[in-house]
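Here chain A shows up in two complexes: once beside chain B, once beside chain C.
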Partner chain A sequence: MSKKDIIICRCEDINLQELHDLMNQGFTSIEDLKRQLRVGMGPCQGATCLPIIQRELAIFLKKPIEEIPLPTVRPLTLGVPLKAIARGAKDDL
Partner chain B sequence: MTYKIIIIGAGVTGCSIAYNLAKKGMNDILVIDKSYLTAGATGRCGAGVRQQWATKANCIMAKHSIEFFEHAKETLDYKGDIEFKQEGYLILATTKEEDLQFAKNVALQNSLGIPTKKLTPEEALKIVPHLNPKSFISATYCQTDGHLNPFKMTDAYYQAAKKLGATFNFFEKVLDIKHDNDIYTVTTNKGIYQSEILIDAAGGYSREIGLMVGLDIPVYAEKHEILVTEPISKMQGPMVMSFTKNLYCQQVPHGSFLMGRTTPNQPKDHDISSSHEFLDEMAKTIDDILPKIGELRVIRQWAGSYNMSPDKQPIICESDELKNFYIAAGFSGHGFMFAPMTGILISEMILNLPLSLETVMLHINRFKHQTTHEVEKSVV
Partner chain C sequence: MMTEKELIIIGGGPAGLCAANSAAESGVKVLILERSPRLGGQLIKQTHKFFGSEKTYAKTRGFDIAKLLIDDVLNLSDNIEILCDATVVGLYPNHEITVYQKGIYQKYKAKSIIVATGASEKFLAFENNDLPGIYGAGAVQTLMNLYGVIPGQSIVMVGSGNIGLIVSYQLIQAGVKVKALVEAAPKIGGYLVHASKLRRLGVPIYTSTTIKRAIGKESVEQVETISLNEKWEMVPGTEQIIDVDAICISVGLSPLHQLLSMANVEMKYVNELGGMVPIVTEEHETSYKNLFVAGDVIGIEEASSAIIEGYLVGLIASKRLGKSHPNYETLIQAYHDQLTNLRSGPFGAKTRIGLAKLRGENHA
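Coming up: the complex of A and B.
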């Protein structure tokens, strides 16, 4: 199966070939790959792609997977409409 | 290892300086960064580029930088897409005082060749129809302002500088700097390097770097927060901004909306954690000014450090006290959009070339002799 047909990030439609191309260029941290490919920045916040990328980097760098750091976890866990947040904030007053 | 020049910081400023020096033939350069490319303020910024300022220095820096961005992809021979769009900044006046100040700003900008126009609410609503017409009294608009992707733009500078021979060391933290017999000795957690020339482009940490060589640069780090929504089909061309309502909001080419505001009374430190106060205030502000955007879901919020200077304008100069120590700091939230000119000016200073701009007003000495400054007001 071609690496182009293996989807790594469903939110941003990134395939394994694109990931390996950047790793070969020297982008070998998840933070670097995230900024170049938008992996982990979509609506699922990396739930699917981050463990896969972590494993690919571990293989590439010949390191144990626990030595591949994950990016900072930021709010929100799920997408929430701005209006709902504004309404909630006003109700708090 | 010995280099002619060491640059501390691989944000857009450090990368632009490295590229401009290397392009002019000076490629014996080491760039050191304590983390990855764009790990600091560059990679956390709002990605807008504008020329609508209230001070002459900022207007000129911005205008020349936009002219560079217009051809950056070709000039730097970059294979990727820097996602440059020029659909303007629409800046809302919400008070009588602001309306009067904006008339002055437009006159200043026009006198410097920046094509800003003053708009009535009706004219502004033609450009952004989903604005709440009750939320502002007039606006200014400059079509050639816009957006570009900070990661890609910095990568473009980085790749071009590397191709010209500059060396980059990532994940390497500067621990100590000594200056003896006109040689800088930089000690990191991985090695010791020497150079004749040292450039402080450390963004939020530029003050700390200055202190390592005994230089008191009057800047400090301050947390600013941003959020991003789910992507949707294009519905907004320009960045919508208001200084009084404390907001900037733009739809980027990818489809998502980026928006930010300043949380008042932040401590002067390196904290970049996310706060619920920001999220609440941001949501209320959007609900007031751009209610339709309020229907979108927030995907993520994050934060970064502005490097604040006393007059909210950059410090770009060689130090008087310390020979061959150059400062590119204090951008006060606008280092990304000024980076092309920062790189050009620092490279011209180092190579003793005629300067593209008058730089007296960017010198650190302005804070020594004066207690009051012309402070840039057009800042969120």
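Coming up: the complex of A and C.
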């Protein structure tokens, strides 16, 4: 089995090998992995990959899945062009 | 520029539509924000007839239920304003939200908000899971039932919940050969009446079995399955290779909690409810005052439950705005009874356990 052929985060094209390598180095929270790999930071904002990563961490750390915290969610939920935000702000003046 | 509204409902699926209906009938001015081009949520792609009672549209097909719910809302157009293609991208303190709609970014403020964002599909990690030809069950329903396009000629379904079972049957109706259905758990997840239909049509259902890898150069050509032992570990030597040009993944849903989480609403991860869900009062109010929730966003259930919860929460949010429905008490009691009824029996067990965990209650 090639872990490189198992895609974890489709938006940022991250595979299971990359994830396991970092977990073995001690990056064992989703917040850490997100900063290293950008998992969950693409267009879908983690809708696909975060449950999978949560499960991988639960197995790795031998913990129930409830004990694997999800990363902080911040606005916005999808990509918004800066010009749209700028135009919106202009109307406030 | 900030536009002010009385009640904003985020999501125009079954829960959001029914909440809007109750609120408008109570005399509240409602704005529905729906991110997709049309109202109705997942119902618009569901061609099967629903189970349950008359009150929850039993024996009616999903897309017909959507039509009924949408018509109800359109008939209340004096009180209900609808924006489609409008994604709520941010939820902030003081009931302020930001909305992105067709290139325009706008701010809204409401006296009260109902979040009815629904859920997203879960995916699986297996070798070559990015090959073209691998679909989620939602995508297969959209392709076939909304656009009349089949996903392939032959397919393996992964997951035996009701969605996996029903979509398998719909694939057969559309002329697709369903080669097998695999289920990682030792038992079929959905109703046996659906599973029996598939068995009668000769579809093998393999329990304690999962997908090991997809095989193919440019797109899916084969799928390799493998048995799981009681510890959910793959058992070498039990691999089976099946020729298919498509694979459908139907392994459950997660609540779309992102807006709630970003607003620092008190949340809890409850496996039985599908993932991260808000902690709510009996009135479906979150830790953020006058921010209510309804439907799959507080736990994965069937559309029937989302419908009832929507009606219920629409009434409650309206009363809080000082506008009580003329039949408030009677209706509230009726909706509570219907929810209890829907969640009774063996198939409601998961929801009952999940809700008990959410409330922090002890349970066996």
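Here is the rule we use: the second predicted complex is superposed on the first by the 90 of 93 C-alpha atoms of A that agree within 3 Å, B and C clash if a C-alpha of one lies under 4 Å from a C-alpha of the other, contacts with A are read in each partner's own complex, and residues count from 1 in each chain.
Methods note: contacts are C-beta pairs under 8 Å (C-beta built on N, C-alpha and C of every residue); 3 or more make two chains touch, one makes a residue touch a chain.
Note that the structure is a prediction, hence the values are computed from the model and not measured.
Clash-free side-by-side placement of chain B and chain C is the outcome of superposition onto chain A.
Contact with chain B, but none with chain C, is seen for A:Arg35 once the two complexes are overlaid on the shared chain. More residues of chain A lie in touch with C than with the remaining chain of the pair chain B and chain C. Of the two partner chains, chain C is the only one touched by A:Asp5; chain B is not. Contact with chain B, but none with chain C, is seen for A:Pro43 once the two complexes are overlaid on the shared chain. Once the two structures are overlaid on chain A, chain A sits at the apex of an angle of 140° toward chain B and chain C, using CA centres and rounding to a multiple of 10. By the touch criterion defined above, A:Ile85 lies against chain B and chain C together after alignment on the C-alpha atoms of chain A.
Shared-chain residue A:Glu56: touches chain C; no touch with chain B. After overlaying the two complexes on the shared chain, residue contacts for A:Pro75 are found with chain B and with chain C alike. Our summary of the superposed model lists a minimum C-alpha distance of 8 Å between chain B and chain C. The intersection of chain A residues touching chain B with those touching chain C, taken from the two complexes, comprises 45, 72, 74-76, 80-81, 85, 88, 92. For chain A in complex with chain B, the residues that touch the partner chain are 29, 31-32, 35-36, 38, 41-43, 45, 72, 74-76, 79-83, 85-86, 88-90, 92. Listing the residues of chain B that touch chain A in their complex gives 35-39, 43, 151-152, 155, 171, 228-230, 254, 274, 276, 279-284, 286-287, 291, 293-302.
Within the complex formed with chain A, the residues of chain C that make contact are 1, 87-92, 98, 100, 103-107, 120, 122-130, 212-213, 254, 256-259, 261-262, 269-271, 275-276. Within the complex formed with chain C, the residues of chain A that make contact are 1-2, 5-8, 10, 16, 45, 47-48, 51-52, 55-56, 65-66, 70, 72-78, 80-81, 84-85, 87-88, 91-92.
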